[in-house]
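Presented below are the structures under discussion, each in the form of structure tokens.
Shared between the two complexes below is chain A, which pairs with chain B and chain C, respectively.
Presenting the complex of A and B:
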């Protein structure tokens, strides 16, 4: 009997060790960002590094670029993913081969997605070539320049391609069960399938969709490799700029990088908090515990 | 006049034939019950009438018009589901008014009709509540009000009382009968409860293994079961509804039993042997 109680805790030890390491790293980031690194002779706590980071125009630009990538990626991936999810359910393809195809982008690493995007979307990439061969494009240079520009369109497209299926997969189980019960009831009462979807199935699927939105937002906001491989030289995405700062030759500049990490952490935490509050309100109204 | 006419209906789910060949006629304004053990296909038949399950053969006609290939939302045949399926993202009144909203009824009229229907199901003043604030019995009544709001040509009740406590069930049955009298809506009740089927309906269809074995008035089914399966289904007990006045139980004037118990409505249960066995009579 005694063993039975102990075993779950023993099994949790590896997980708890990893969690402890993550928490230690976060504390380290926060402490160093506040200017305390004893090994480098920095021993006073100060907010100056945060202030200076937020005063540097290039870093503010970087922050805005990362926010833009996060917002556009999360919004478009969520909308597209929800549509794909609804289509899969409507066509009774919520399991089997079609779902596997939809799931594939989830399995592809982000760096590989970035390479795909380059192969497809550069001005002499696969898509411009197809368009040219089809006579739809007179000149390769007429193809819009998605990559390496300050608009970060390429990075956003890469995130959408990879994350829309994630939204679809993440939402599928909930949307299917809502559609088969409440959605069916709405249609039975006279609502067209489209109306039933927008009145009932979609609002009732929002917990899953908005959770997926939050995950993508925070992931794209802190994403490094995609904007590095597909974005402009300036402004850099915030995590890219952070890494460059982290590699600064003078170790005494380390707190700048850590302050930047701190900013990423704080903004992500604020997003998560806003989400939690929103969900709590919504769930309370429906009498479901979030 | 025939309201609903089902001819040679076949329903398949995947490769399984659930209903091989069903025919059923329901008179305008009638209250009929579909009775049978669970898994006999009665809920499937209900969903096929509502268009949720497509027919692979046969026809369904409503008011003389064929609706076999019509999608569910164009049929005006409304189900009160066993699990109620109220919309948690709407208030009680919004739930009841939802069919009216679909039919583009103005906000003011929607509100007053929802209030009227809520009072019909004895839920005055509950309009602003959320669904989760209601008890199971109250939710069932909201589901009923919402179905009535759609003014369906045929109202389908899919074991609507089975999720309720025994004491609530009786009240709901009385309410459903009362509403049927008031709205005169053609109603089909699905149940596996013999007493419920026989006491509530003008006619009952006994179903087994996807087939209707007998479709007749309840007393006919009691006294002249079509075959041994129907007889078997009723064999172990039979209920007689009635009331006790002055210590004497009476049921539609035919049976009188001096029991000496408190006045009120009662069901008398007769155990095995009460049903004449046709097999032997033949």
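Presenting the complex of A and C:
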């Protein structure tokens, strides 16, 4: 029985090693972002690097672009994903072929999603060609410049293509169980399917949907290859700009890149905190009601 | 009214399927394309140039596929084992502070991969692991683990330890009871945790670039420069291989999960 006390801690050793790696990375970002890199002769802590990053107009533009990509991607992917999830359940397609198709984008790497987007949406992509053949477009230059432009529409569409199915898949189990129990009970008591969905099934599925929202937001905010491959030369997405600073030939410039990583980290953490508070309040509200 | 709404929802599903499948078909066409001038809907000339480059070119396919699949398999195996161990500690042994552990499990999801990779590089260099396979495995592991934890925590809690304790009461050793009683019940979770971590590692680009320094070659690392150079035919052929191989691996695992589930019911 002595084993029973030692075993669980032995089981946790690899978990702790991996967690230590994440914490080491975070500490590096924070310490170096504050200007302390002993090996390069930088030994004073300062907020100057953060201030200078936030004073540079191009970097502020980058930050705003990345926030925009994250917000639009997460909002549209969550709404559309929830719709697809509800449709899968209502039409009794929550297993089998249709579900397999919905799962497919989860298997497709982001770099390949970028290839898809280019093939479809550049001005000589398949969609403008089809529109041209249908007589809806007179010249390819009339097709909106979704890609490589400052609007980052192409990058946002790429994220929605990949992440909306993720939301549907992530929410499916919870929404199905809620719909089959409480949702049907409401309908038996006379609620219309629409009302039972919006009043019962949707609110009860929110924990899964909002967690998926958070995951997508942080992913799109910190994502590299999608905005690199589909975005404009200026402004660059924040992580793309960060990596350029990271590669600066003078190693004593490293704190700039780390301050930028620090900003990404702070905003991601704030988002996670907001999510945690929201969940906490939601649980409490439900606990009181029940 | 109800029927009309269902028809609308069915239309949503059809549209979803079209939006998901059409890009893949276009890419397959592109991979066989010689010339495809505006405004043709189908390629004007066909060519096998890309497939020649794929097989005989600068980074021959068998080696590239082999190293990508090997890397992802190692990551998936480690991630599944670690997740199973951690879930056992929190769900069966109920270690003190397990709520804190559950939060820590999701830490890598809150730290974007780009931030982690850049922050961790110094540590990798200090440990002499930069530009090595081991370093890349470690970094991919961090990215995949939260998903493996989530799957294995649910699975372990659902299986519980009642049967295992009974086996021990009847005289089985702790190890034997775990291996013979609990482990077979965990198989569906182990397989989905493995395939999820596999896909995450297989899809990585930035983390591989940073930790591997170009020394560790994967399909993603070869693909991205082709996209940047604007060669649509070549980036399409690598995309076809990339997605095709991922689909095959996933299909094999899906089948194994089904068989495992059937085995458990018997």
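Assume the second predicted complex is superposed on the first by the 272 of 290 C-alpha atoms of A that agree within 3 Å, B and C clash if a C-alpha of one lies under 4 Å from a C-alpha of the other, contacts with A are read in each partner's own complex, and residues count from 1 in each chain.
Convention: a contact is a pair of C-beta atoms (placed from the backbone, for glycine too) under 8 Å apart; a residue touches a chain by one contact, two chains touch by 3 or more.
Computed from a predicted model, the values in this text were never measured in an experiment.
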Touched partner set for A:193, first chain B, second chain C, both or neither: both
Partner chain in contact with A:29 - chain B first, chain C second, else both or neither: second
Touched partner set for A:150, first chain B, second chain C, both or neither: neither
Partner with the higher number of touched chain A residues, chain C or chain B: C
Partner chain(s) touched by A:95 [first = chain B, second = chain C, both, neither]: neither
Partner chain(s) touched by A:286 [first = chain B, second = chain C, both, neither]: first
Partner chain in contact with A:181 - chain B first, chain C second, else both or neither: first
Touched partner set for A:46, first chain B, second chain C, both or neither: neither
Touching partner for A:142 - first (chain B), second (chain C), both, neither: neither
Touching both chain C and chain B, counted on chain A across the two superposed complexes: 193
Complex contacts: residues of chain A adjacent to chain C: 3-4, 7-9, 11-12, 14-15, 18-19, 21-29, 32, 83-84, 86-88, 90-91, 93, 98, 101-102, 104-112, 114-120, 124, 126, 129-130, 132-133, 140, 161, 165, 193-194, 215, 218-219, 221-225, 229, 239, 242-243, 246, 257-258, 261, 264-265, 268-269, 272
Chain C residues within the chain A interface of the complex: 2, 5-6, 9-10, 12-13, 16-17, 19-24, 26-27, 30, 38-41, 81-82, 85-86, 88-89, 93, 95, 101, 104-105, 107-120, 122-123, 138, 141-142, 145, 174, 199, 202-203, 205-206, 220, 223-224, 227-228, 232, 235-236, 239, 242-243, 246-247, 250
Parts of chain B lying in touch with chain A, wherever the complex brings them together: 50, 52, 71-73, 76-79, 81, 83, 85, 87-89, 98-99, 102-103, 130-133, 146-147, 150
Chain B-facing residues of chain A, complex: 181-182, 184-193, 195-196, 199-200, 203-204, 285-288
